[in-house]
Every structure is written in structure tokens, then in C-alpha cells.
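Each structure below appears as C-alpha cells.
Consider the two complexes below, in which chain A is the common component and chain B and chain C are the respective partners.
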Partner chain A sequence: MTTTPADVESTVKDFLTSIDKLPEGFTADTSLYADGAELDSLETAELSATLEDVLGSDPYSAGEMPETLAQIQAFYAAASA
Partner chain B sequence: MFELLDRVAGVEPDRTGVAVHGGESSYGELRDDARRIAARLLADGVTRLAVVDHEAPVIVPLLAGASLVGVEVCQYPPAEPDEVRDLLARLDHDVLVTDRADLAGLAATTLSVADLTDHDLAPVDGPPPTPRPHLILTTGTTGAPRGVRHDWSRLLAGIERVRPAPEERWLLAFGLHQFAGMQVLLHTFAAGATLVAPAPRRPIEGLAAMRELGVTHASATPTYWRFLLAQARSDGLGLPPLRQVTLGGEAIPAPLLPELREAFPTAAVSQVYASSEFGSTGSMRDGRAGLSTDVLDRGDDAPVDMRIVDGELWIRSRTGMLGYHGEPPVDADGWRATGDLVEVEGDRILFKGRSSEVINVGGVKVHPLPIEERVGAVDGVDMARVYGRPNAMTGAVVALEVVAAPGVDHDALKQALRAACADLAPAARPRSIRFVDEIMTTGSKIVRRTQG
Partner chain C sequence: MTSGTGYEPAAHYDRVTEAWGLLLGDELHYGVFDHGDEALDVATAALTERMVQAARLPDGSADGRPLRVLDIGCGSGAPACAMSEAHGVEVVGITTSAVGVETALARAAARGLAGTVTFEQRDGTANGLPDASFDVAWALESAHLMRDRPALLAEAARVVRPGGRVVLCDLLRFRDIPFAEVRERRDDFATLRAAFGDAHFASLDYYATGLTDLGLEVEVADDLTQATLPTFDRWRANAETHHDAVVALIGEDGHRDFVRSCDILEAFWRDGTFGYGIVAARRPH
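Coming up: the complex of A and B.
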């Protein structure tokens, strides 16, 4: 199964919505941390688990530290290339 | 403890001992406050006390003053009144030092910080008595912390080899109620250096302190460092040229060490292995993950010795605790299991996890059973299992598996489960909730160990 950018976007947005941290005007280049969604370490850990549950893998477990939705989408694009 | 402040204050009283965003305290000021606090404690006949305050400019002279007159101090973690009441009862504390109005009346005697310093009593000079007890609480999010008895003479023995380095400015990234925080404090003052103590002690405040308060050396958990690096990348303001980066408290993810070396090219990278029970074991300065096998089988004369028994690291420490509060003393020459599962690869001892069911979430220990009991009481839950799920960010997160009652809407139940756990400490809240058909068991017992 191929993970599309839209799949990743909906997963990330759903997650941010579930924890009340979806910033107004959120885009693929909005920071997930400071000056953006302001995720802390545990919320990032939860995002990592959510991505793995929904999409079967996640960039954090692969040793990456994506800072934006675009970087998460790039991880899945590279994985399916 | 007092003598560390006094040693510097005697030759350079104006040297900065503690720096916070709001100002600085000199070694001379800290020493003088300590002597006044000692006088008040002595006059009031206090022998043991608890303190709920987390500002270094308050805690440092309190610890030093208490050590000067042999008063045992126990710093509680940030806690709500009910938790403080429980700790006071369990640890037999009659005296509480705090400026928090919501804690008034919980102890038989409550003293404000001003009570201890603003008086006309003659300051105490010393020398310090023997013994000089100190009590440190074990960490524990949903489990009950235990009081670990130490003596300042043992704690100070661990820093005898620290060389003077007054130019160093050490970041305090741990709470001073934690053993790791105490290690940073003792090392800093043994070096005659400056303790930079932002509050609260999160990575974002630590990064700000590095930039604004001239931090040169820092010790923190791997999780802390990962987040500090992410914060720095996110705001694009760069990182200061640290000279020392130290890690401890949890296993180190493999990519982190090279990331730190790249982010702080002028810094030496080292790691420490310590606990409130067995104390400090020294540090590894070669920048590699794990411990050198040189720490094993050092012999009877070594103050700290280690061995591996059935894949678990055991330790004998003569610089560690005296025992637990309310329990008989431990044998200083006795071997104790650390609970850390290890493997030897080449000349390295690598950490593989904990032997117990306790979940280590970014250095915070979480007990699964109370969470299981809580979610098990939610309507629509037939059975639940709480366990540690490995996670690249925090080592593990609390994971929850639920067998739902027939016909229950899973989305609504998930919301109810989140609500039921909302008042737990952040590290103890389930970060992964899955619905399953059956719960994993072994020998008719729920398997709660962290799942690989």
C-alpha cells in the first residue's frame, strides 16, 4: 500500500486536532514545535506512535526528527520510492 | 555541601554561584544565607525537614545551611497538596519549608523561606557535625516514591577529584529533588563554577539559558537533548559553543551522539551512570554509547564495582545510599541488582532496557498497574493492559490495549479513556490506545513489560 501525502496530512491534522494543537493556518511548512504546533516531547512521542499505527512506519523510529508536515511527507515518499 | 560554598566565598565572595534569569547570587551571599538558615534551624531544634520550593537561589543555601548543622533535608517534587500530605505522613516529616499558601497547615510546623533567613540570631560557623544526613526521593509518577538516605560525606566523596574551574557555567536541567540534579550542583560548586538554573527546567528554558546566561557546560537526559536540538533547529537562532555535553538517566538513542557532536563541535561529549540508590559511578568521556567493560570486576578495593549477572547489571557502591527511610541500613559491601538489562558488545556494555515492569518514559518511571485499574473502571471496558511501548523520542510511552464490551462505540470509548487519564502526570497518560480482541497473558498474568 502506498502512503500518499494526503494520507499523511490527514493523519497529522487529525492527531493535532485530537490534542487541541492544530494551529490556525497550519500548512505543510508550519513548525511542529516552537512557534508552530508547539508539540512537547510526549506529544511528539504520541505522534510517532500514531503515525506507526495508521501508516505502518514513522520517521522518528527511523532516527529522523522531522520538524514539519512536509518533512514527514518526504519520509513516506522516500520510503515508497 | 556548606564547605563547598565557604571554600570559594573565603577567597572570592563576589564570584557568582547561582545565575537565574532574574539575577545572580554570589558565593558569599549563598554562604551567608546558609549560616543564617543554620542558626534558625539550630535555634528551633529542627532535625529533619521537607521543602517544597524549586528555585535554586532558595534551595542551595537551605541545603548548605542544613548540612552545616546536621539537619536532614528532603526536597519534594512539584506536587499538589494531597500528594504533599501523603509524603509528609509517609516520611514522618513534621516541618515543612514552603512559601506556597495552598500547603499551609499540612505539617505540624510550616516555615517560610523568610522565616529562615530574616532574623537576628548569630550565624553558625561550623565545623559541620557527623553524621550529616540527606534524603532524596526516588522518582515515580504513579508509584509511591521512597526516601533514599544519604550522608553528605559520601556525596562529597564523589567529587573530590573535581578540579577548580571558576569559568565554567553549568546548566541545571534536572530538578534539585533528583539525584542527577544534586550531582550537577555538587560538581558545579566543587569546581567553584556557576550554576545556571532556569525555571521551569524544560528544554525551551534550557536553550534560552544557554543563549542568554552564558552556559558552557550542560548535563541532561537524551530526551532533553533531542528536544533542545529540535527547538534550536526550529527557531533557527543557533546554538552556543558549549564545552561539555553530558548525558544520563536513560539509554541513549544511537543517532543522538553524532548529532550532538555536530551541533556542539567544541564540546566534549560524555555520559554518566548513576541513581539515587547506588550513587554516581563516574563518567564515560569517550563519546561512545554505553559503559566501558573496564568498570567490571574492579576488585574489593574499588569504591564502586560492577558485574553482569544473567544479563542484568549489578553494582557494589560505597558512595551510594545508606538505606531507605524507615528501613534498616544496607550493606555497603553488598551487591545490588540495578534493574538494567545489558549486553556486552566488544569492549562496551550496552543498555537494553529495564528488568521490571516499570515504564521509563523519558527518564520518568511510570507504574502500569494504577493506570490499568483506572481505565478498567471506565464504562465499556471489559479488560485493559498497560505496558511500555518502545518509542524513539522518549524511550517508551505508556500504551493501552483495551478489550471493549460488545456494541461499544470505539471512538466514544477512546475519548472516555483519555478523559479518565487526563489528570495523570503527562508521562503517565496513555499515548497509544488500541482495541484488541484479547489481552496478552502469561501464566494467567497480564504481561505488562515493555513490548519490543
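Coming up: the complex of A and C.
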């Protein structure tokens, strides 16, 4: 199954919404950390687990530390290539 | 900016203050157990006394005026009232919690301290108080709730006069926790967050070095991890004793999270991940 950028976007946005941390005007290039969604390490771990649960894999467990939605989407794009 | 999760210190404190009075005891902080079998109130008073001694409150001021103490993250105001009654100091307590201010003001009024102990809703990382206006900046177990710790230390150092002291006791982190471990143990950390709010721990060296870098001379940097360990037994006992009242205040889930948090923290205390310490530093003349 191919993971589309839209799948990743909806998963990340749903997660940020669930923890009340979806910034106004959120885009693929908005930081997930400082000056953006302001995730801490525990919330990042929870995002990691959510991505794995929903999409079957996640970049954080693969040793990457993406800082934006675009970088997360790039991980899945590379995995599908 | 985001709109928040309810784990921010003020929101969390507003929600749990009354229940914590039953669970943590009147002083709302850890205890220092010199023998291990003391009652919780004796041990929490012993921790306060450690802070008092580190702040040199019994020494008073050189010119005989009352010492002025800034209590950063003053909780319910019990330590502020106690130190004023015991040592004749003037205290300004600050907290971001409106409920905390209300509770503390009522406590001070009930104890006849309204003129000498005051409480205001202010942020410890940007307190807005004048430079060099206090003899002591005191942070009893509040630093872990302030994300911008450099600002906390800088603000505390800024408001103390030459010869004055910054004293701080708090939970400590003794090792870095790798991301893989945070992910693996995320349920434990989430339980701690649910029970105690959005907390972040630093090392004893972090505080000592930070105050040194601000031009202060460190006088005390003590690890109190073992001495505070029995606190968890006392908190669990309180949770059992006051089960129905606590559930009425924070629900069955809140009660369960608190008890589970005691188990998790005790395990972290024992495996050397987290602990407790006190730091005091003096601004030179």
C-alpha cells in the first residue's frame, strides 16, 4: 500500500488537533517544534507511535528526526520509491 | 503559538490544588526524611528548613530591617507564611495560577500575615519586579514547571541584591533519556504528565553552573534523592486514606494516575534517572 502525502498530512493534523497543538496557518513547512507546534519529546514519541499505528512505519523509529510535515512526507515518499 | 493542552502549569495547578492538599500534604512538596519513619508533615517541614538554612533567613539583614523574599512558584502559600512567621521576613509570592493566588491570600489573611506576606499572579520567567529588590529569591519545587529555565535563573538572579541569595530545590534528571526510551515508556511519561503536569527536569549541575554563569557564588549543591525517597510511600498512603475525597475532586482516573505516578517516580528514583536536590548561590557585593 502506498502512503500518500495526503495520508501523512491528515494523520499529522489529526494528531496535532487531538493534543490541541495544531497552529493556526499550519503548513507542510511549519516547525513541529519551537515557533510552531511546540511538541516536546513525549509528544514526539506519541506522534511517532501514531504514525506507526496508522501508516505502518514512522521516520522517528527509523532514526530520523523530521522537524516539519514536509520532512515526514519525504520519508514516506522515499520508502515508496 | 498553540492554544494549549491543559498540562500547562497554571491550568494544571488550578485543577488539582485542592486534591493535592490531601495527597501531598499541606505544603504541597516532597519531604526530606532524615530517619525514614517520620510523618510526611515532619519531612516536608524538614525540606522547608533546608531551604531556610540555605537562604540564611535566621541570620536576618545587616541593618536590622526585615529580609524581603521572593517566593517563585509559591503554590498554596504555606511555605511563605511559615517562613514569615518563623523568621519575620516579608514575602512576595508569585504563581501563574489564579487559584494558587486566591488560596495563598486566604491563608495569609487567616494567619494574620496580610501585611507582610502578599501573593501576585506573575510568571517566574518574566516576573516584572525591580532589579535588586529582594534579599532572597526562593524557588521551592517550581523550576521543573517552567520551560524557560534560563529565564527563571536570570530573573531570580536579577532581583536579588548584592549579598542576597537564590535558593532552589527541585526534582532532578541524572541522565539523558534517549528518544527510543521515551517512545518505549511513553505510557509512563504520559501518566506522569497527567498527574503532575508538563514537567521538565534538569541536573543539579545545570542549576549550579547556570547560577555561576550569572555571577553568583554557589554555596550549596546537595543531592537529596535518597532522603526524599520515602515521600512516595506517604503519598500512596494519603491516596488510600483520602480516596473518596480525592475522587470527588479529580475523578477516579486522576486518583489512579496519581498512585501510578508514585510507582513510576519511585522506580525512576531507584534506578538513578530522576531524583531531588537543592542549590543555593549568593550574589557577591
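As a working rule, the second predicted complex is superposed on the first by the 81 of 81 C-alpha atoms of A that agree within 3 Å, B and C clash if a C-alpha of one lies under 4 Å from a C-alpha of the other, contacts with A are read in each partner's own complex, and residues count from 1 in each chain.
To be clear about the criterion, contacts are C-beta pairs under 8 Å (C-beta built on N, C-alpha and C of every residue); 3 or more make two chains touch, one makes a residue touch a chain.
The structure presented is a predicted model; accordingly, all values stated were derived computationally and were not measured.
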item: Joint occupancy of chain A by chain B and chain C, clash or fit; value: clash
item: Which of chain B and chain C A:Pro23 touches, first, second, both or neither; value: second
item: First (chain B), second (chain C), both or neither touched by A:Asp7; value: neither
item: Contacts of A:Ala34 with chain B and chain C, given as first, second, both or neither; value: first
item: Which superposed partner A:Tyr60 touches (first chain B, second chain C, both, neither); value: both
item: Partner chain in contact with A:Ala45 - chain B first, chain C second, else both or neither; value: both
item: Colliding region between chain B and chain C, picked from 62-70, 98-106 or 206-214 after the shared-chain fit; value: 206-214
item: On chain A, positions contacted by chain B and by chain C; value: 40-42, 44-46, 48-49, 60-61, 65
item: Contact set on chain A toward chain B in their complex; value: 31, 33-36, 40-42, 44-46, 48-50, 53, 58, 60-63, 65, 67
item: Complex contact set, residues of chain B against chain A; value: 202-204, 223, 226-227, 229-231, 233-235, 253-255, 361-362, 389, 391-394, 397, 399, 426-427, 429, 431-432, 434
item: Complex contacts: residues of chain C adjacent to chain A; value: 1-6, 177, 179-180, 182-183, 186, 189-190, 193, 198, 200
item: Residues of chain A that touch chain C when the two form their complex; value: 19-23, 37-38, 40-42, 44-46, 48-49, 60-61, 65
